[in-house]
Amino acid sequence: MDFGFKRSPSSAVNLDTVDHARYDRLVQLEPDALTCIGCGSCSATCTAAPWSGMSVRKVILGLQRGRDDEVDRMLSRCMLCGKCTMVCPRGINTRHLILTLCRLDRKGEVVR
Amino acid sequence: MIYQGKQKIWADYQKEIPDNHWFYVRSCIRQNFFPASEKYFLAICRDQLGRDIYESEHHTTCAGIAYHCDTIPQETAMTVVARQFALMTEAGYENLVTSCITSFGNYTEILETWRQFPELEEKVREHLWKACRREFKKPKYVAHASDLMYKLRGEIAERAHFQLVHRATGEPLRIVEHIGCHYSKMFPHKGVGGAEYPCVLSGMAESWGGRVIDYPERRHCCGFGFRQYFVKANRGYSLSNTHKKFESMEPYRPDAIITNCPGCPYFLDRWQYVISEMEGKTYGQNGYGIPVLTYEELAGLVLGVDPWNLGLQVHQVAVEPLLDKIGIPYDPARKYLGMDEKKIMTPGLPTSLKCF
Amino acid sequence: MGRYFDELSKDYRFKEGLKTCINCGTCTAICPAAEFYKYDPRKVVDTVQRKDDGEIEALLKSETIWYCGECMSCVTRCPRGNGPGLVIMALRNLSARLGYFTASEKGRQLWPLTKTLNNNILHTGYCIHPSTFDCDEYPESGPVTRWVMDNKEEVYGRLGANYEGKGPGVLRHIPQQDLDELQAIFDETGGTERMEAVERASREKAAELGMDFEEYTKYTYEHCSVGHFNDE
Amino acid sequence: MVNRNPVIAVIGAGIAGLEAARQLADLGYSPVLIEKEPAVGGHVAQWNRLFPDMTPAAEVIDALKKQTAKIRTLLGTEIASINRLKDGFSLVLTDGTSLLCQAVLFATGFQLFNAAKKEEYGYGIYDRVITNRDLEAWFNTRKDMRIKQPEAVGFVHCVGSRDLKAGNTQCSKVCCITAIKQAIEIKEEFPDAEVYCFYMDLRLFGKKYEDFYIKAQRDYGIHFIRGRVSEVGEAIDGRVVVKAEDTLNGKPVKVTLDLLVLMAGIVCNPDAQHYARQVGVSVDDDGFLKSRDNIAAITESSRPGVFFAGACTGAKTIPETLAEARSAALNIHHYFNKRK
């Protein structure tokens, strides 16, 4: 029966079930990713961010929350200029991290 | 679960509820959808237990639904409520009891706002005088009807014909309580038991033999959301929230849900029907739903009132499984009769949700 | 800078609802709307407290402010004593007053709501009433409600209501003198003026969209575009 | 009157009282430690290890005990009343004796916020919800049926701190670092457990605290979620469901945990407020005792002869408390020197 409206799935991220295989693999290869404090220096300095929405902090967090589509969208718009690496207060080599991440598929397998 | 921990919290939020002399204001939704509940509130508290409860034919809606659908300004809502206060004052009462939770929340919020901003109270007094030539005293005490029934729960238990006990096993029935959001979420100290572990309904259920079950989404809103239900385009919100609650309570296999809000029993009942139609899923046993009752309906059953006089036939989810568990006799042939036992047409049946 | 903020500050709900927000997210965590809509009450409050006219105007014209269900669950939890739900009420009120509500699909729903509810109140004394309840508009009310509405006198009568009757009781007829008082209250307190303002802005919007007003009313009541819910 | 050997009543024999008493004795005074509990050491004695070097708390307490062994210490003794005299104070004690002294030092410390007051977190209602203190007790005794092989553990920061509704708007200062310390200890104990810290801000101001935080992230993989926990519910299997907003992501999150640790904050000891009123010193609007000046004279009250040390004036770390105890002893010394 069509009632004229539908049920919507919950947007709450359920940490019990969220798939973070790609994140787990990433931190094996780039352990510094673990030390991100989400300060946003990377997004603030990013030349592309104003039109691409690129943000390394959001990429790292998105991987942990199963937001892979968003992560891939952001990654595809990165120009790899490396400016973010210069400003990270935790000294994360963000450019290298992005490159490593681009080599992983969603299950965390190295494919490239 | 440490039961004593809850009791400790309950002890902190006991309200002094006056015993007698109330001015009663009705609920829009309940009159439409649960008319017998208000009838039995008066039948039990006034006629059977002898409390003085007065109703004026001149009272109206408090306009709370319009207020929370943002279709009227705050001062309009306040002045409509001030008019109810005036009727109460004119009738010689000081305690006000509301049938509706949103009314209760509104009255409480208005009195609190006036306390903080006395200039606004003055303005509303002026409005009321100009519009209606009426004056009012603020109520000494505002209660929700469930507060009053909570207070009288012992007297009801003394007169009980039935216990909320599974007849076959002797086990207490598993009762889910659902408290209307506007009962105590805004002002925890105005609700019996506070906002986190209200005991207004669980107190009744336990006094009458049942066992209340706690489940992770117990505090979540039924999803009414005012404009989120009244506008057809938004009803997905309402449905999704109720669905979330049912998914959370399902493993506990509740025998019944009791509610103290006008909208909640309607939504918890009808969305079960909709979920069954949309997804084929039912939450009770053997294809039935989980019966959703108002506290007056539950009290009526305990006191031995005939289920069809209580209006249990206007629920979409069949209540018969619950009646059978308790051992309450009922006549299926009388369920859908009209006035004076007149035979009228019977309702259509849902596709999926089992009904008698 | 701050013109809208000053305007909001005159609303008593705003005075009660916004002290200082620390962006902790306790409100969003349990918000029924945040769970299903693209909605985050924390961000609404944070935007408002920044006092930026441009940002607040965008909010007043947005879908965002219409997602809240006014359950007030947020009020219980805020560690700073804020009420995001109350801030929303103030924003909606201002949006209605300024006619900005017609800029968004969810905002435009204010018209069918105003029409139905306020007419019910002024003509029957109830927010909802069986005489104006159309089962086709509420298919979820189920076959049992249809049965009740098809047999109003019989069912309400059997259940002890005083349907359309004199004197007190369930669903009694509310005397005309009392309805006149409600009308007087609406006239005196700005309720009527608000209704007229909402209707005027809605008629303008209908004309802009090239829709007949009745068609517009029905469309705003029924139509839900893709993009409001989280999975869209 | 010049007393060659003035008596100083030190109220409370936690670390502030012990350290101050030791310094006062070294300076030639006669401190008397008054402790309501049957043993000295206060809260620190209940703790297991201390940040940031994981020093056993017992080491700190044992050293202080040794250094104060000869000082007159009244255990299990409370103060029934304090009266101001012309040249000092008279204390009536609950053991029936009275004590005349020339100065009073408040080393009354703090009280842990009663976590049950944050009803939505379910402490005292849900079995799997414990406090920072309960967890330290477990580190000490290994006795707590609720902790066995947890797979997921959460820490809630700011429980009863920075919270208008809980009646304490102050930051308790030490909980952030305590949570990180305890999270690391849990990870050491149960390496396979997922550990989550729910915080509003991480206030890691002290020496080596930030290093500790980096270690928690990099070496232990502890998850930090920026969002205040909104409510906790109990699942059918007795585990707890925690809800917060992941504010850096702008989405609600929920997680099911075997154990939830509430970082109960620091509030003033109500006894201190009671005694303060009797000697005529004021209580500040944060509930702690009011110093003569919050920058220049934190250990002095506005009344001659009454001094403060440690957490009676606000949340403090252990090194801060010890430093204040020494500072208070020096203040008292100058006070008597000036009166000579």
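Per-chain numbering from 1; labels A, B, C and D assigned in written order.
Here is the rule we use: a contact is a pair of C-beta atoms (placed from the backbone, for glycine too) under 8 Å apart; a residue touches a chain by one contact, two chains touch by 3 or more.
Predicted, not measured: the structure shown is a model, and the values here were computed from it.
For chain pairs A-C and B-C, the one joined by more C-beta pairs in contact is B-C. Separating the centre of chain A from that of chain D, both taken as means of CA atoms, is a distance of 39 Å. Averaging Cα coordinates per chain places chain B and chain C 22 Å apart. As a whole-number value, the distance joining the C-alpha centres of chain C and chain D reads 49 Å. For chain D, the set of residues touching two or more other chains reads 120, 226, 231, 243, 246, 251-253.
The multi-chain contact residues of chain B, meaning those touching 2 or more other chains, are 195-196, 219, 232-237, 239-240, 244, 274.
For chain A, the set of residues touching two or more other chains reads 1, 3-5, 8-12. If you draw each protein chain as a dot and join the dots that touch, every dot ends up joined to every other dot. Residues 1, 3-10 of chain A are the ones touching chain B in the complex.
On the chain D side of its complex with chain C, the touching residues are 120, 158, 162-166, 200, 226-231, 243-247, 250-253.
Contacts from chain B toward chain D in the complex involve residues 1-2, 5-6, 8-9, 194-197, 214-219, 251-252. Interface residues of chain A, counted against chain D in their complex, comprise 11-16, 27, 31-32, 34-38, 57-58, 61-62, 64-65, 67, 90.
Put simply, chain C touches chain D in their complex at residues 22-31, 34-35, 40, 42-43, 76-81.
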